[in-house]
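Presented sequentially are two complexes of subunit A, the first with subunit B as partner and the second with subunit C.
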Partner chain A sequence: MVLGRHARGLRLAAGKAGQLLFVAWAIASLLFLIFRLMPGNPLAAFIDPSFTAEQRVSLSRQFGLDRPLFEQYLLYLWNLAQFELGQSFFYRQPVADLVLGVFPNTLLLTLTALLLAYGVGLAGGALVAWRRGGWAEKLILPLVLILRAAPEFWLGMILLAIFSFSLGWLPAGGTAVAGATSVGFFERVLSIEFLRHLCLPAMTLALYLVGLPLLLMRSTMLEVLDEDFVTLARMQGFREWTVVVHHAARNALLPVVTAFALGIGYSIGGNVVIETVFSWPGLGRLLVRAVQSHDYPLAQGAFLLIALVMVTMNLVADLLYRWLDPRVAHVA
Partner chain B sequence: MSGFWKTMTAAALLLLSALPAQAGDKIRELVIFSRPQAANPQEFQSIQLIAQEWRKLGLDIKIEVLPWEQMSTVVWDQRNDWDITGWQMVGRPERGDPDELTYNLFHSSTAAEGYNFVGYNNPAYDEIATAQRAETDPEKRRQLIFTAQEIIAGDQPIINLVHQRLAYAFNQTVWDKASVVDQAGIGIKNFWTFIGLRPLGAQHDIILNAADNVTAINPLYISGPVDSWITELIWDRLLRVGADGLPHPWAAESYAWVDPTTIDVVLRPDLKWHDGTPVTRDDVIFSFTAPQGDKVPMYKPFVGNIAGIAPVGDRGLRFTLKKPSAAFLTATLSKVNIIPEKVWAPEFAKLEGQEKTAESVQEAMPLGSGPYRFVRWTTNEEVVLEANPDHFAAPHAARWILRSVPNTEAALGMLKSGEINFLADYAGDPRVLQDLVAANPDLDMVLTTDLGFRFLGLNERRGPFDDPAFRRALSTAVDRRLIVGAAFNGFAVPANSVVSPVLAFWHNPAVDAMETGTDRAQQILAAAGYTLVDGKLHYPGDRAETVKP
Partner chain C sequence: MSPSARGRLGRLVAWLPLRDPLALAGLAIYLGFVLVALLADQLALRDPAEIFYDADYRLLADLPPGPDFLLGTTSLGRDVWSQLVHGAQSALLVGVTAAVMVVGIGTLVGLLAGYCGGLVDTLLMRLTDIAFGIPFLPFVIVVSAFLEPNLWNVVLAMALVLWRDTARIIRAQVLSLRARAFVEAARATGSSHRRILFVHIAPNVLPLSVLYGSIAVGWAILTEASISFLGFGDSGTISWGYMLQDAYASQALSRGIWHWFLPPGIAIVLVVAAGFFIGRGYEERLFPRLKG
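What follows is the complex of A and B.
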């Protein structure tokens, strides 16, 4: 029996890995095509009175754009198979270095905002469900809906105007004070200055994100609070607080955990607006520039990374679910 | 013939001559390319106003909105497939010399694949444009440039619209106002300001903004406008374009034309790389010969005219040119960065046999000899340079810190809060900045007329734009004052020459007095044989529409 379980686990893992590879190939191919189907070409950026036709041809050759599309595609796949993302047309640097250079900034911003949003969202959702129909619900529900619907740049500008330009409490952009002496990565991100710079962008993103966990938590809590085991716990004479936190909330967490894992994937790619408003040197800004200037290798690399994070987080959510709720694994 | 028939024939002849001239085909619908309102509101608005004026002449005008990448691909690669396009030339220090704009934009040799994308072809103009290139006597060359401007004003191969007024601001409690240099056609954000700014208090760092990311810090790669602010400060050049727009000695303490194809320069004795080692004559020769190969494509056109460089005397160098070139001072000696051979020769050796060029070499610590030294570059966040105290023109500021701020509103807020103290990049409405400065006595704004300009390109490969009279009529119908007021909020001046009026030495004031108005445009069209039939403009009688939609 033990052997059988192992074999099943292996088969499951192999199946998942195969799916992952297929998805990665499909995404990579789509990315390749999408950017080349866009009207315009990267050489537009070099139009200048001193730019000669000879230079144009040489640049086209250097970028590999003089070869047939199919050949470009095969070369691209071959390079990808060797984890080679190519060289950016404009930065003239390896795409991997550029993307991984700014990726930690995006990750830190996203994770901070997500933790904040889910922390507040979970507690808020539980509270609202527990005190259903109370003043808290009447106040909180419309508020998170407004925050969710408000454009991020607008929210960001309002926070900037208040906390940075009017009160002067927080800096308006970047990750550090202008000209700050550079230190190691961990020393830098753990410094007070970094946290001060992180405050506004993380708060904006968190305010935007808080709606989902809050509403999700509220609705599952409402369901769980009606379940028999909660009634039983109440009848056993546990205090209301213990019932809500230990019995109800723990069981209502499941869908929220899934949403969190997926949220990482979604937010990594969706930070463009916030990174622009707060001059945050992250992946989103790199990506926008790459798309605008038709920097195919860089745009492909950045999108591929985002896609891979999303696919991986999907897998993580899947596995987490199996672990948190063994019934899922049994059904499967 | 009887009297009756004589009378009838005379009457018929009289009637014929009284009829309007015979009409040719109706002019097809003309299409103007404009960039989107969000990307370029002034261009979009200007084109709306122009289309209104042209419709009054009996033309059908369609405006097609395209993003830059798409528009430039059609204009550049499909040269027969478009009618009219919005375009602009940006101001750069080396455009203080009129050669690039008078030659490359209109000489027929650049029509097939170069910047003469409108396809202007006038042998008389070609002759003048070529002659001014070879004329090293400034006074004689000036006369040629004046003539060139007159020909362009008459032929109107492009319709000049405006020179914008550039707005920059700084904190005048941090920087001495008197030390800010306003460079002709460029504005206060320039090399001379950055080395000349004098601190008034404890803040000794110039902290400025740029909306665009820095893509490379490489003396052999022209990678973007913001990047060039940095390369100008780290690397020296033999000459520099001064605040007056003319070339002046820099790393060369003097220069002299020996004859129209020979120029001698004398290097300063005190030049040092940022690592303390001296800048040698061989380094300078290397800097001008390295781009002649295939590994520095962007600088190759600037050194293509050099036949040889040889040492003369103790510190002198003699440049021999293949053919006379008046623009050599600005386009080559003021443009090519002086680079250390010890750093770059090994890099060139590594590039041998590869597709890659020197543009993909990014030094970890860029080494130059300029007034600022490289300290640090954090991708998409900031670039830090520090003053080089050993330089012959050592800056008064301690550091030069470029912050990447893609959000224009945030940049204004940062200027107010002190996070930046020099607003070097502002793409917003100048009036907003003006109001901000008026409300904050600490701030000061300086407006400068751009040497760059906005224009409409007319595709002369296609009728009716191959007719100078038609182009003149279109240009005459454009009310530039209205455009200045409505599209640029008053922050622009009307233009009718590619040589900006700020370049006082080269600009021909005779072309400024341009008569405009719908009536005048209609007169030009009528005189050239164009007719109105049912309110629509038709070609002259002998002309057919050759472009089919």
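What follows is the complex of A and C.
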């Protein structure tokens, strides 16, 4: 039976969504195993010794901690499906509220850094490809590889030492000055104070991330610049700038768009260190603190949310790639 | 072994990317790195964990670089230079063991999935999908914190996730090799599956494994540094990440003690970048061939 393009697309998306659910389930199960394999009392994963008797009984019932392991597992999945992640030992608040509360901070940091990195990376990559073999290429390529080789937290430390401690231009950490009154989300996020705090962590992350779009753009541009339609555009007498931007760069964007989507997922997982260096109140720092203070439910919840974002972005990247490149769609 | 496989394997060794200046620099850095790691005890001059006092039993803290302490001392009176040299040892250990495990698992999974096909392929590739869904650094943090925090658990946690890239690439390569004439010929002359897989196909994907290995060395060193920096590392080992964590926690940044927190970072950059440079050198030689 010949399916229409839309029907085929829908079936593909459904299949991919099934794959996402499968991977999410597998990771959740893996996490269940890791947390149950922890030495000591299995109840320790959910119940802190300092909880009141009432809290213990209610949590025990909610997570079925008095039942056999398999039932606990099913209950765990059932709770997860409803985003019921338990109670944090340290903060004495529902884990779901805590992780969702800091998620916007992580997302803002990641997106700012990615946009910065991709803006600079695309322009740089196109330039390097266009001026192939020039001084820019000789200088930029090793520099980019070196930036990718530097530990993110060390780049952050250097920027901190320069811009915050030596020059005193930018704050050293956090998202706001102490004692600031909280206002609405957008008002807070768009305030000068918040943006000043965002500068250094976003710059650090962007420096680290800029290599991938630059190298990717360079190599696809090199391929595209050799293709017939670019030669044709040149022969038609378009200016070189028009050829590079309108004909070559547009077609070189495909792998870059996919990498951007993947980058969101990977950076949110990798932000852990940058958020720690700059005391940025995000998901990664929450995870580190939770693991340090043996706050198991919180650690588990933060990990799962990071994993969920990553798996979702993997799917988005996959679909984007197929959608943008008809050749791939037909082969699949 | 097929002639083309032997030829390619020979080229892998003989064809160290010597004409590419960046790759050459990478090889030189690797050589220096390995030498420093092997001669650490001779080069260190002092015990990296020892706390030094002057004649009046005052702590020799935060000394600037000088003839006695080449890179000065830490806030606890330890010798930065000796720590740096010993850090090379743990970096080499972590880098090489992790790379061997990553490439070993990845190559085996890729070979089996690509060659067997069918159910084996489906199962292994679903496993790879799962590995791609695991956030790498958070996973290493959780595993190494819950197991005992030591160097081997960090390496194990890395290997459990990082094989995914190698596996996918090797599988794709095996799929294209499986249909080639020399494999057909081996099959027609009655070679066993094991022989075809390990004697005819494996040597042809080995250069790719080496490429991914040289990159994995860098990832492993970077990851160990991050884990140590976050405080989940092996407390008994002096690594570059531990040094940076020590400096960060002792306010070396606000006090401007550059000679403490610059050298370990530079060491990491050099070694990791060397891996990338060598990888690129190989890549540029391998890929025109692999496309054909």
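Here is the rule we go by: the second predicted complex is superposed on the first by the 283 of 332 C-alpha atoms of A that agree within 3 Å, B and C clash if a C-alpha of one lies under 4 Å from a C-alpha of the other, contacts with A are read in each partner's own complex, and residues count from 1 in each chain.
As a working rule, a contact is a pair of C-beta atoms (placed from the backbone, for glycine too) under 8 Å apart; a residue touches a chain by one contact, two chains touch by 3 or more.
Keep in mind that what you see is a predicted model, and the values were worked out from it rather than measured.
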Partner chain in contact with A:Q55 - subunit B first, subunit C second, else both or neither:
first
Check whether A:G133 is in contact with subunit B, with subunit C, with both or with neither, and answer first, second, both or neither.
neither
Figure out whether A:I306 sits in contact with subunit B (first) or subunit C (second), or with both, or with neither.
second
I'd like to know which partner A:F165 touches here: subunit B for first, subunit C for second, both or neither.
both
Applying the touch criterion given at the start, work out whether A:M157 contacts subunit B, subunit C, both or neither, answering first, second, both or neither.
both
Tell me which partner A:G284 touches in the superposition: subunit B (first), subunit C (second), both or neither.
second
First (subunit B), second (subunit C), both or neither touched by A:V23:
second
Between subunit B (first) and subunit C (second), which does A:V273 come into contact with in this model arrangement: first, second, both, or neither?
second
Hey, what residues of subunit A end up touching subunit B and subunit C alike?
38, 157, 160-161, 164-165, 172, 276-277, 292
Counting only contacts in the complex, subunit A reaches subunit B at residues 38-41, 44, 47-53, 55-56, 58-59, 61-62, 87, 90-93, 98, 101-102, 157, 160-161, 164-165, 168, 171-176, 178-179, 182, 276-279, 281-282, 285-286, 289, 292-294
In the complex, subunit C touches subunit A at residues 22, 126, 129-130, 132-139, 141-143, 145-146, 218, 222, 225-226, 229-232, 241, 244, 247-248, 253-254, 256, 258, 261-262, 264-265, 268-269, 272-273, 275-277, 280
Would you mind writing out the residues of subunit A in touch with subunit C in their complex?
19, 22-24, 26-27, 30-31, 34-35, 37-38, 141-142, 145-146, 148-154, 157-158, 160-161, 164-166, 172, 265, 268-270, 272-273, 276-277, 284, 287-288, 291-292, 299, 302-303, 306-307, 310-311, 314
Across the complex, what residues on subunit B touch subunit A?
67-70, 72-73, 76, 89, 100-101, 104-105, 112-115, 205, 207, 212-213, 215-216, 218, 221, 223-224, 294, 297-298, 300-302, 355-357, 359-360, 362, 376, 378-382, 384, 399, 401, 403-407, 409-410, 413-414, 416-417, 419-420
